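Each structure below appears as structure tokens.
One chain, subunit A, appears in both complexes that follow, with subunit B as partner in the first and subunit C in the second.
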Partner chain A sequence: MMKRMILFFAMALMLPVFASAQDANADKLVGVWEPSHGKARVKVEKIGTKFYGKIVWLKEPNDPETGKPKVDKNNPEEALRNTPLKGYRLLKDFIYKGNKEWSEGTIYDPENGSTYKCVIRMKDDNTLEIRGYIGVEALGRTDVWKRLEIKK
Partner chain B sequence: MKYLSILSICAILFTSCGHEEKVVFTSEEITLSAEGPLFEGSNTLQGSMLIDLNKIKAGTTAENVESVKIKSVKLTSTDSLMFNEISNITLQCTSNDASMIQSAVLNPVPEGASSISLIPSAEADLVELFKQKEMLFVADAELRADKDGNISYKAVVEFELTLKD
Partner chain C sequence: MNRILSIVLLLGASISLHAQVDSLATDTLVEEEDFSMYDNVDFADPGVKRFCTSKVLDLSPAKFITIGYDYQARHQLNSGAYNASILNTTINYPGQSTAIKSSGGPRFNANIPVISRNNIIIQLGANYLQNDYTLVNPVDRNPAQNPILYPPMQQTIEESTLRSMGFSATVFKPLNERQFLILQASQDWNGDYNFGDFQDMHMPTFSAAGIFGWKPSDRKMIGFGATRNYRAGELNYIPVFLLNWTAPSRKWGVEILAPARGHYRRTFSSRSLLLIGYELEGNSYVLSKPSVFQESESTFVLRRSELRFRAVYERSIKSFIWLSWQVGYRYNYSYNVDELADGQDFFRGFFGEQPFAIENDLTNSFYTMFTINLVSP
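Right, the complex of A and B next:
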């Protein structure tokens, strides 16, 4: 009985340690990331309790047709088609689920104006697997993103 | 008999629809700010607003709110630089328990303006955000050049709520 009580209290004392380790892993998503196509860089930041990513750099910032900075011309809503792509929030509402996985978020593809459900998995500190899907995760596509400033 | 059935269905539909009412609610001044140093490019300004449905209309609860549209977003600069330091701005609304929604944009921001009106989304429905206690405003502003100090704007947002009995 005594042994069980000691074990219980030891576990209770360790809980905050586990929780802070979880938080530290959650914030590892924060940083600047480059998708495999290399055409953009996305800065992930934490707002409230969730994670969001916006475009901070474009390889070709100007639209070749207009010569002006690219805008979200494929947005399903006409009133928002003048939104600049630089600064656009592609990743929205990601929640850390533990085990280096963030889910319940969405990813927006400015190439076609579509929004997909998305799950992010961190393979190592500098590599993300971003899986966008419609409906079930099995029917999706994965892209590998690399951290821009490599952590040592 | 056929007409009686149609009449009955119409009566059921009419009574189940209930009474709808549109209420315009204007926020108090919301401070949107970002702490410096800030860098050329996209910077994030944040502000928040507490939501008290009972203050919007006495007796209103989350269940009564059918939809919430943005009617207007007006930003006022709090310093002498006015809006000269940013080239465009996009406003999103979010909360910890509801999804982020792109709500308004202004691109480009006219130089020399001391106040600007953003173009609101006609389709964005903020109903889930109005069921929370607090709503966050996230504005992405494109800074023309690096800046050591902070940025701060005052926002007044006008919402149109559709309330149902």
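Right, the complex of A and C next:
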């Protein structure tokens, strides 16, 4: 009886390992990516079971008006308007759904302070299609992001 | 037993750790780290090509869906004389003035991107607008009893609604990081038709435009091209100039697509702005309802065009829903009628000398328009 219980819990522990082995594609989202406008670079990380992306580089890091590092001045929440854009988490809560697709997340546009529903599709290992939309996917816009490699 | 307990505790701790990390992950601000390592990077794919986008910083938002209502205040139609030939008899309708209490109607516009990629954007659109006239002293006349004495333009504005319905396709094709092409085509059915009595499908108006442009920075987009359109009421082929520009202060800019429209923009915030400028609006409308036109074998077309000098205030009321309120002065450019003997339209342009069948004057008026919009990401 004891042996069976140990076996049961051991299998329960191993289940996530099997699952992740089965869906190795999920972690392919992790890395550094560049949106099509080339004005920023975004690092995607996996935290727990979800994926998040933060700004790690800005083509124009300082606000030309103030000369200081850019902050999230368009955020609808006044308390967050002094948050630095570098390090800002603009992709949130993405869950891998299989078939090289991550969804149920949101994308934030610092240019206008709006947050959109978002789905990410990997076209190949180095290309993402990021579709931000309003309500239904048809009402949206797709941007293509390219994977970057850090020079050593 | 102790081993089992250890395993359960280990499992529980793992779940608890995951929950804690998930919770932290929802915070917006991320911990400090050395970002300098991201300065020197290469594309993992060596052949990546960058393209310019269709967006300019702080431009008034592109609209997916617009629903609105247009209202023009009191004005007057001075209808010109018309000599009609019916059954080998010439009937002379004298000119006539009609006071219009108000005019206007609902408007709808949709523009949905069906393909949206870095190297091409294709949008399909649909639009509808109608214009009803309310007269100061409507006259109760029965054209069936006495069609001869019922002047055609009087009958049009008293009994009919002018409608315009159409479809469009727009392509934005970036060629590289700085250059782009814009191609647009649309087809409209305009006239005094009803939905149960749609107009003859052989008379749509077809408009098209092509622009080649440059985008030297995120604040500037400039282009030149040509268009074939009916904004002056009838078919014209004219050059086009595009300029979308935002000042370095990002507090103001201009949005010009001449000659169709041009605006100075004052940006109050990312969620509110004011536009001051003009728009040229017009098309050719098939008039089939007036009795005397029905008797004729010709096709009659109203060349309607108006220049709207206006101020437009736009504001986001809830994330992607924007209200737009415009007030201004509507200047009548054309309200004349052409008689097409063979039903085929012709090109008069700005310098043609073909006479109009009826020369009308629609006096100018103040107007207002209110729309609610779903804006694009």
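Operating definition for what follows: the second predicted complex is superposed on the first by the 127 of 152 C-alpha atoms of A that agree within 3 Å, B and C clash if a C-alpha of one lies under 4 Å from a C-alpha of the other, contacts with A are read in each partner's own complex, and residues count from 1 in each chain.
As a convention for this text, a residue touches a chain if its C-beta (ideal position, glycine included) is under 8 Å from a C-beta of that chain, and two chains touch if they have at least 3 such contacts.
Everything quoted here is computed from the prediction, not taken from an experiment.
Visitor: Answer with first, second, both or neither: which of subunit B and subunit C does A:Gly113 touch in the superposed model?
Guide: The second partner, subunit C, only.
Visitor: Quick one: classify A:Asn82 as touching subunit B (first), subunit C (second), both or neither.
Guide: After superposition on chain A, A:Asn82 lies in contact with subunit B alone.
Visitor: Is A:Gly48 in contact with subunit B, with subunit C, with both, or with neither (first, second, both, neither)?
Guide: Both partners, subunit B and subunit C.
Visitor: With the two structures laid over each other on chain A, which partner does A:Lys39 touch: subunit B (first), subunit C (second), both, or neither?
Guide: Touch status of A:Lys39: second partner only.
Visitor: Which holds for A:Val56: it touches subunit B only (first), subunit C only (second), both, or neither?
Guide: both
Visitor: Does subunit A have more residues touched by subunit B or by subunit C?
Guide: If we count touched residues of subunit A for both partners, the winner is C.
Visitor: Give one of first, second, both or neither to describe whether A:Asn99 is in contact with subunit B, with subunit C, with both, or with none.
Guide: neither
Visitor: Would you check which partner chain A:Val144 touches, where first means subunit B only, second means subunit C only, and both and neither mean what they say?
Guide: Second partner only.
Visitor: Thinking of the overlay built on chain A, is A:Thr127 touched by subunit B (first), by subunit C (second), by both, or by neither?
Guide: second
Visitor: So which positions on subunit A get touched by both subunit B and subunit C?
Guide: Looking at subunit A, the two contact sets intersect at 43, 47-50, 52, 54, 56-57, 80, 83-84, 86-89, 92-93.
Visitor: Where on subunit C does subunit A make contact in their complex?
Guide: Spelled out, the residues of subunit C in touch with subunit A are 1, 3-4, 7-8, 10-11, 18-19, 21-22, 24-33, 35, 37-45, 48, 50-51, 53, 57, 61, 64, 112-113, 116-118, 177, 218, 248-250, 269-271, 319-320, 374, 376-377.
Visitor: Touching residues of subunit B toward subunit A in the complex: what are they?
Guide: Against subunit A, the touching part of subunit B is residues 41-42, 44, 46, 88, 90, 92, 94-96, 99-100, 102, 105, 107, 119-124, 136, 138, 140-142.
Visitor: For subunit A, which residues count as touching subunit B in their complex?
Guide: 43, 45, 47-50, 52, 54-57, 71, 77, 79-80, 82-84, 86-89, 92-93, 106
Visitor: In the complex of these two chains, what residues of subunit A are touching subunit C?
Guide: Residues of subunit A touching subunit C: 2, 5-6, 9-10, 12-13, 32, 34, 36-39, 41, 43, 47-50, 52, 54, 56-57, 64-65, 74, 76, 80, 83-84, 86-89, 92-93, 109, 111-116, 125-127, 129, 131-134, 138-144, 146-151.
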